[in-house]
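In what follows, subunit A forms one complex with subunit B and a second complex with subunit C.
This part shows the complex of A and B:
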């Protein structure tokens, strides 16, 4: 057994492994970025899962109807943003517990996508978004021939970092999430900033959802996001609500999975079910503050009343 | 306002209105997508309450009670958390761990008489659920880790552990990945001869509801839990150990969820499959919200959700409406219960549009 494990470790193509993990990280990171925008402004968002699922379905259906993956993508992202707006209305305007609102939206998304999928039927497969396989780009290590959305994900990490920490909007977002009373006194429209950030979060989740139907497989199955939104939440927490560390966290979750896949391929099965618990175990350890203190936004989950 | 009026106008009437409004909106979804909501709902009622049993098919109403049983136990557990201001989203995971422990005791321990083996198997489930929830409770109490996130994470770990055990160490020798059957001495018996499946778990659930009532309304611990839930700072001033209360509440909440898992596998499956009752733990959050902390309300909400879960199959079969619509109804119910403002604003805008027109029609 030991010999075979070392043998496999020698024979693994590590670059391929990392590329696989990066691809698998795409929806997780999108969900994490969505969570970062929403939670940095003070709104807990456990509905990312539901937003991804909704987007996955709508992307698929719209891409089939318009026969264009691009219009599918646009419609799907829009649908996730509508769901995010609902989350905003329920939790900001009506000041409902944000966890309840998120739970509602997750149940709603699971129900409505499953229902529409059954009612409207779906045999056709949707057109794919392209992979980055142009000449020159194709041969890049790690990034060559990756799905378009993986590139978009990397771009969004850079963009999110810039917006959050280098722009006025980012400062306002963080202020609203840390000390809304002070932000309000300084003239920031607290709830408006929150609405917009929750919807940007919805957009991110929407992009993540698109990955499932426009890249991975070209069809939809009910509940196909299977908890990736929650892993995104885990990556966000493990990355301490910052974009680049969230990607590293996601990789920390996906590399062992990819490794388990490789071992499987070489005929050395690892208990993949237990490896799949890694994100959750690490998140709990992070929240327990064993490694370092996790610092969520101070006003997270507290509705703002003027 | 008298207590009775407060009950009606404070909780019961809004809850009933929320259910009706949710059914109405889900009906609208059906109309838009070209299904017949009246056919669907009448099939739902048929399938949930009215269809008589046959030699091979159990009576519809008894099956509704079978479905309502885990909802009731789980929702009591979740409500207990709510009372202390804790959000136990981990009911699902605690249910899985409870089921795993019960089945393990059920088939690994042999040669005991039923009056020892059955209580032992049930207790194993209760303890497993309690310990699983206590991880989140302990982290909340000692490290201020938000229980919402830790319980979500613990759900996924529980799924994986069950999946691993059923595919690995506890797998039986047959083809399907599942555990061996439990010993007959660990089976929670049915109340009626087959094909009926109505079982003693119903009485355990009712006993749990009665216990919940006495705990919350007639005990010091219940008072402590409610005080912490109302205002933990005030509770701390009053000399209550808030963190200890969190830990105890989470443990009790998990104990009930573990009991639900134990009952499901000891009465219905009698072995542990890889996946069972996926989503019961989440639906029960809705049941708890609808029940609003009142054991009678929770029981009625559990009955409603049991009816929907049970009737959905017949609705899909006879009216051709996908059972996924039930989740849409449930989502609408929670949103109206949790955010009464939305229901009120919706209704007021409808009234505002309808009333003047109806008044005019009356004059003409």
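This part shows the complex of A and C:
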């Protein structure tokens, strides 16, 4: 099965590869969007991984119990929002260090989902959310037959961009994240805006978590989010806290990963261990060479005291 | 201060939840399963209860694959011999030695470590505590310096994979077969190469695809999403039988196969029909089993009988240490000709007339 690299490069189905990468980007981008909402308003959120994991579990269990992926999705997203609220209370009301709060929530999420999994098991298959495979849509290049949540992710990118940069709410959010005192003086309820944005962030993470158990596999395994929430945070930073660039940053990671899979499958004569580091190598190169310095919101991580 | 309380409460509850997650099974609770030897009355009940500690590899006790199987054997020993058993899960490789030490300190009679990746730390611990009995799954120590207090439990994964390959090679209609594998460590490589040689043995013209999970592809043996994506890659290339051998990474592959039409999956390590979700059961052709449960059970038994000895023990087709799981729901889909051929290969492997091609291979990953 050993073939030359050029031979393999000719054989690869690139449209399929891009579709694979787009699909794999879904939870990463949801995490990034969650981070954007939260951090644009000034609250660091490294608990996205834990929120995704919690949502993945709750989506699974609720979908099984209600025998409906939709109710599963709703319940799962709600569970992530509850965690987000907790993060909000800890970091906005009690002004605890936001990184510490996030870390604790991540550990908590891993513990509670692992515990519930063990006690309640995960033998039953959850019903899946549909893929976009209706006539006409099915045959679209790149987007045809993709998971519903991949479409929702693209929609959310557009929506987030619009809300953040074209609405009054977005302006307030950014003001609160950059110069909360000025926003306060202008009559904006700083902490209320922060709460809402942290909760929206939780909703995004919840949608990302749903991808694991309502699209990828029909059951739950402990720690199945496998660090994608953190990759999402990285995508948020590479994307300079803006939605569309965050998607591109996620693709920067998932395209090489998909390519590495194809390389190995076709038997490119390179050590596969080396190939699997491709996403990271490319990320570093791009970071160092292409991306300008990223600028976080000025008031990021600083609790607001009147 | 209030915040600190909330935080510590969260942290404590997480730790408590994680800790009470592994129940210590008490003596004979579950009914005897058919096909297992009845417990011998006279052998059990020694004066002081024998304590068995099991340290998992990274990945949980309910990976529904490898660690689960090892623990099942220990639990069977608990039921049959009335020993006491406890398991500690390793969250990361740096936990191995720590967890072993915990059992040493609590004077456990036998410490079972699970998995190839624990080989170095187990050897270190064995050298440090020469009077402590160890058993390790998937690792053998060779040469003069091999520790004398470790029982290495090895498996002929190549034979198990070979049998799976025979079935795959005969059942494929597209003449393309695939494989989604965990990290390239010797047991996984033996599964893969045995499988591929089995396919070639019955179907030399079949196209064989396969991918190992790379060290940078998410959590080793626990990235179902990666496994699912790679199974899709292979189905896109026309594969219609796919062997998934890589913990929950592989299970992700099986779940993805279950979404497609007309593609069959093959599980690994234990009969995954009993461990995976309903969706997967419908497409699970068989599983390439290694009886890790049998191995850990016998290791405990040797301590109970006072017959424990260091050194390597190989579990293969001749002592039922490996084998193929039943076809279950796909029983009707497997023609008699395939069963006949499979039986022929089983006999051939048993009496040595058929070779997997990995006999005596020291490093199957090369």
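Simple rule for what comes next: the second predicted complex is superposed on the first by the 280 of 306 C-alpha atoms of A that agree within 3 Å, B and C clash if a C-alpha of one lies under 4 Å from a C-alpha of the other, contacts with A are read in each partner's own complex, and residues count from 1 in each chain.
As a working rule, a contact is a pair of C-beta atoms (placed from the backbone, for glycine too) under 8 Å apart; a residue touches a chain by one contact, two chains touch by 3 or more.
Since the structure is predicted, the reported quantities are computational estimates derived from the model, not experimental observations.
S.K.: Taking the superposition as given, does A:261 touch the first partner, subunit B, the second, subunit C, both, or neither?
M.R.: Second partner only, subunit C.
S.K.: According to the stated criteria, A:218 is in contact with first (subunit B), second (subunit C), both, or neither; which is it?
M.R.: In the superposed model, A:218 contacts subunit C only, not subunit B.
S.K.: Tell me which partner A:155 touches in the superposition: subunit B (first), subunit C (second), both or neither.
M.R.: In the superposition, A:155 contacts neither subunit B nor subunit C.
S.K.: Regarding the shared-chain residue A:16, is it in contact with subunit B (first), subunit C (second), both, or neither?
M.R.: second
S.K.: Let me test your reading of the model: by the given contact rule, A:96 touches which partner, first (subunit B), second (subunit C), both or neither?
M.R.: Touch partners of A:96: subunit B and subunit C.
S.K.: Touching A:5, do we find subunit B (first), subunit C (second), both, or neither?
M.R.: Touch partners of A:5: none, neither subunit B nor subunit C.
S.K.: Which of the two partners, first being subunit B and second being subunit C, lies in contact with A:24: first, second, both, or neither?
M.R.: second
S.K.: I'd like to know which partner A:128 touches here: subunit B for first, subunit C for second, both or neither.
M.R.: So A:128 only meets subunit C here.
S.K.: Please write out, lowest number first, the residues of subunit A touched by both subunit B and subunit C across the two complexes.
M.R.: Touching subunit B in the first complex and subunit C in the second, residues 90, 94, 96, 100-101, 104-105, 107-108, 110-112, 114-115, 117-118, 222, 227, 273, 276-277, 279-280 of subunit A appear in both lists.
S.K.: So in the complex, the part of subunit A that touches subunit C is made up of which residues?
M.R.: Those in contact with subunit C are residues 1, 13, 16, 20, 23-24, 27, 90, 94-96, 100-101, 104-105, 107-108, 110-112, 114-115, 117-118, 122-125, 128, 212, 216-219, 221-224, 226-228, 257-258, 260-262, 264-265, 272-273, 275-277, 279-280.
S.K.: For the complex, give me every residue of subunit C touching subunit A.
M.R.: 2-4, 6-7, 10-11, 13-15, 17-18, 20-22, 60-64, 184, 208-219, 222-226, 228-230, 232-234, 236-237, 248, 251-252, 255-256, 258-259, 276-280
S.K.: For subunit B, which residues are in contact with subunit A within the complex?
M.R.: Of all residues in subunit B, those touching subunit A are 29, 33-35, 87, 89, 135, 139, 143, 145-146, 148-150, 152-154, 156-157, 160-161, 163-164, 167-168, 282-283, 285-286, 289, 321-322, 324-332, 334-335, 338-339, 341-342.
S.K.: Would you tell me which residues of subunit A are touching subunit B in their complex?
M.R.: 44, 46, 89-90, 94, 96-97, 99-101, 103-108, 110-120, 222, 227, 230, 233-234, 237, 271, 273-274, 276-277, 279-281, 283-284, 287-289, 296
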